[in-house]
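Labels run A, B, C and D following the written order; every chain starts at residue 1.
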Amino acid sequence: MIPLHWYLLVAAGMFALGVYGVLARRNMVAIIMSIELMLNAVNINLVAFWRYMAPENLNGQAFAIFVFTVAAAEAAVGLALIISIYRARETVVAKEIDMLKW
Amino acid sequence: MGDIFTTIYNFLLSLLIGLGADQVVADAIITFLAAAVLATCVLLILIFNIWLERKVLGRIQDRIGPNRVGPYGIFQTVADLTKLLTKEIIIPSGADLVPFFLAPILMVASVILVWAVIPFTGKTIGTDVNIGVLYFVAVSSLGIMAVLLAGWSSNNKYALLGAFRAVAMLVSYEVPMILMLLVPVLLSGSMRMGEIAAAQSIWYVFSMPLAAFIFLIAMTAEIGRSPFDLLEAESEIVAGYQTEYSGFAFAMFYAAEWAHAFTMCALVATLFLGGWRGPGAEQYPTLGFIYLAIKIYVVYFFSIWSRGTLPRIRIDHVMSFCWKFLIPLALILIVLTTLVDKIAQILLINRFPNYLSMATPADMLPRAGILLAVNLVVGLVAIGWIALVGRRERRHQTAAEHPASVEAGMATR
Amino acid sequence: MGEWTFIALLFVISLILPAVPILAGRILGPRKPNPLKNSTYECGVETVGDTWVQFDVQYYIFALVFLVFDIEVVFLYPWAVAYGQLSLFGVVAGIVFIVTLAEALLYAWRKGALEWV
Amino acid sequence: MVITPVTIAFFIMAAFTLGGSLGVVTNRNLFHAALYLILALFGAAGLFVLLEAPFLAAVQVLIYVGAISVLIAITIMVTRRIMGVESANRQWPLSALVGLLLAATLGFVIMDRFAGKFPVAGVPDDSLTRLGMALVSYEGMEAYLVPFEVASVLLLAAMIGAIVVARK
């Protein structure tokens, strides 16, 4: 069997990489992808804790499904915003969209 | 009474243990062999299927079909394969190599993987995972991925356009398909393919004919056959996402397409036509395998028939047919079925204590009757609705094109 | 877990199986590339412009509606599995869920977002 | 440590997940980054299978590989002029430092508190049925009726919002 901390370490690594991506990438699509990574790392944690701490309880799985839902909604709206901004300003570089209104 | 697969398994197991392997290793070897044989068979049967399809298509179109290579032209596919093997695999300039070759491979893999959950007999199934139906949906999304990869890595406008068009159509028709996959799950209370097949004392096509029909339409679109063969509408987008593929890389797309069609027919046979079930299949499981094969080929024949008969539909019609007709219809069907069935269950459970039981046809009869009634009502209303909408649209079109004819009373009817 | 061994093995095999003939085709087949042959196909004329033609947002809308229905189905499958044991209230709760998302479809329809351009 | 098929599978999936994540945040070609994202999410699905949550694994593949990656691909297409732009901004060394510090902190906490824990019990067979029941029940320990209906409203809102924003 695999000990719990292996899963947690993988999830932590994925989360840290996601944080780096959000901070370091210029392209907004790449930033959204990094956010997806972070949400997924959280999901791995949820499921790992569910399996190792309380498998007879459903809450871990149910929470994971709701995280999926929120992640999907976030991606849908976020990407739509990117498309909208691209059409208005011809750019997808996060740094160039800093005027709060146009 | 074991079936033929169990017999083979036991024979191999005793053989391997006789050779000195221990139980775990022998099991692992047999699992590997089974997977290899299954995957190979899925591809090998194509040689027959392609010949069959060309022969039937030929007859439908008043031709003879392949008749040169071997008796009745049965080795035509082998000859074609040999030819393709000697062709150059051209890599277009600017292509993205890894995705370019990953695409056909993934395409084939996404089809072969589905066969892991198809029950061949009452006892033999690759693996009866508890999420069987959802597994199929997940695996088929790999196919969509492959289309995107192919279109993107080819560095060709037509490939890219064709890929995105294909993806838009595939994802659209995936919605009614997964909604209708819900029906066998609802009725059998399980996502295991084995249990779904076993639960069909009365085939679901009889209790839910409309659901089976919607699934059949969505399936035809998913495998890209006419009337939904826009994925390869030569006149519009050259060869779609396959434009830049040649030689065996192309052959793999070709094989995947055919295997996909066959696999979907197997799925229809399992989910709606009772799979391996038939008279005597419980006692003699090997018989179940034969029943399954017959059912698959019946569905396959219908698929070929529609391909040989129906003309291609325009892309905007294809999309609005899906979103404005099939999906609302599927949603209404699910809502009404679940509601009526649950109310009937509450009202009738005293008179028919076996209302939910699936053991014998007699047990299933009251429920199947109610579901059939719901299906027929919904189906008739849907036909009336689409006829009405179609007539109104035709009148609009005629009015726009020939304003005078409307006044003269010459509009459509 | 044991049931997934088969799927893992099948996955590996189903990747190898098509990869081998493609590789064989690369090795056995002729290989005489020239710039004209390798240029991208455009009905016989020379390639014009960039491959990355501008795409319409319509594709995005279809994928978006698909995503929403995908998630709906994720919720509906456990509900369907439990359907036999549910009370009428449970069934109605599921139907309310479906109807809410049908509203989403209706909205897209009324806004003309489902029209192919 | 004993090497068993399960640990080998874990290492392969973990390699997919972490390697894919690294590709997402470092690759200059956005299309390749998206492919790495799919690889990472596929690896996570494999981890879910190893954690005996095959339902979540299927959902992961279905939603991410089947739908979100298509959305991302289309967005990249629509905003295509950015292909080949440098990927990192000027604060990337600082970001890397933050990421490393975060990883180190998390790793320390994990090794301190959760090292070497093993499952206390098996997964019940009927967990899917119970999940379905829980989604529509409003009392007891496992009552997710309100989140379930709110999820549908969230999806409705997200879709309307996205359509309005994207079509403007």
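We take it that a residue touches a chain if its C-beta (ideal position, glycine included) is under 8 Å from a C-beta of that chain, and two chains touch if they have at least 3 such contacts.
The structure presented is a predicted model; accordingly, all values stated were derived computationally and were not measured.
**Student:** Which pair wins on C-beta contacts, B-C or A-C?
**Tutor:** Ranking B-C and A-C by C-beta contacts puts B-C first.
**Student:** I'd like to verify one number: the distance from the centre of subunit B to the centre of subunit C, where each centre is the average of its C-alpha atoms, in whole angstrom.
**Tutor:** 15
**Student:** Roughly how far is subunit A from subunit B, going centre to centre by Cα mean, in whole Å?
**Tutor:** Centre separation, subunit A to subunit B: 34 Å.
**Student:** How big is the gap, in whole Å, between where the Cα atoms of subunit A centre and where those of subunit C centre?
**Tutor:** For subunit A versus subunit C, the centre distance works out to 21 Å.
**Student:** On a C-alpha centroid basis, what's the spacing between subunit B and subunit D, in Å?
**Tutor:** For subunit B versus subunit D, the centre distance works out to 29 Å.
**Student:** What are the residue numbers in subunit A that touch two or more other chains?
**Tutor:** Residue numbers touching two or more other chains: 65, 68-69, 72, 75-76, 79-80, 83.
**Student:** Considering subunit C alone, which of its residues make contact with at least two other chains?
**Tutor:** Touching at least two other chains: 4-5, 52, 55, 57, 59-60, 63-68, 70-71, 73-75, 77, 80-83, 85-86, 91, 94, 108.
**Student:** Which subunit D residues touch at least two other chains?
**Tutor:** 6, 50, 52, 54-55, 59, 62-63, 66-68, 70-71, 74-75, 77-78, 81, 128-131, 135, 151, 155, 158-159, 162-163, 166, in rising order.
**Student:** By the document's touch rule, what are all the touching chain pairs in this structure?
**Tutor:** So the chains that touch one another pair up as A-C, A-D, B-C, B-D, C-D.
**Student:** Within the complex, which stretch of subunit B touches subunit D?
**Tutor:** Residues in contact with subunit D: 96, 99, 129-131, 134-135, 137-139, 141-142, 144-145, 148-149, 152, 160, 164, 167, 171, 174, 189, 191.
**Student:** Please output the residues of subunit C touching subunit D within their complex, sorted ascending.
**Tutor:** 1, 4-5, 8, 52, 54-57, 59-61, 63-68, 70-75, 77-83, 85-86, 89-91, 93-94, 96-97, 100-101, 103-104, 107-108, 111, 113
**Student:** Which part of subunit A faces subunit D closely enough to touch in the complex?
**Tutor:** 1-10, 12-21, 23-27, 29-30, 32-34, 36-37, 40, 43-44, 47-48, 50-59, 61-62, 64-66, 68-73, 75-77, 79-84, 86-87, 90, 92-93, 95
**Student:** Provide the residue numbers of subunit B that touch subunit C in the complex, in ascending order.
**Tutor:** So the residues of subunit B touching subunit C come out as 28, 31-32, 34-36, 38-40, 43, 84-94, 101, 104-109, 112-113, 115-116, 126-129, 133-135, 137, 154-158, 160-161, 164, 167-168, 171-172, 174-175, 178-179, 182, 185-186, 189-191, 238, 243-244, 247-249, 251-252, 255-256, 315-316, 319-320, 323-324, 327-328, 331, 334-335, 338-339, 342-343, 346, 356.
**Student:** For the complex, which residues does subunit C have touching subunit B?
**Tutor:** It comes out as residues 3-7, 9-11, 13-15, 17-19, 21-22, 24-26, 28-33, 35, 37-43, 47, 51-53, 55, 59, 62-63, 65-66, 69-70, 73, 76-77, 80-86, 88, 91-92, 94-95, 98-99, 102, 105, 108-109, 114-116.
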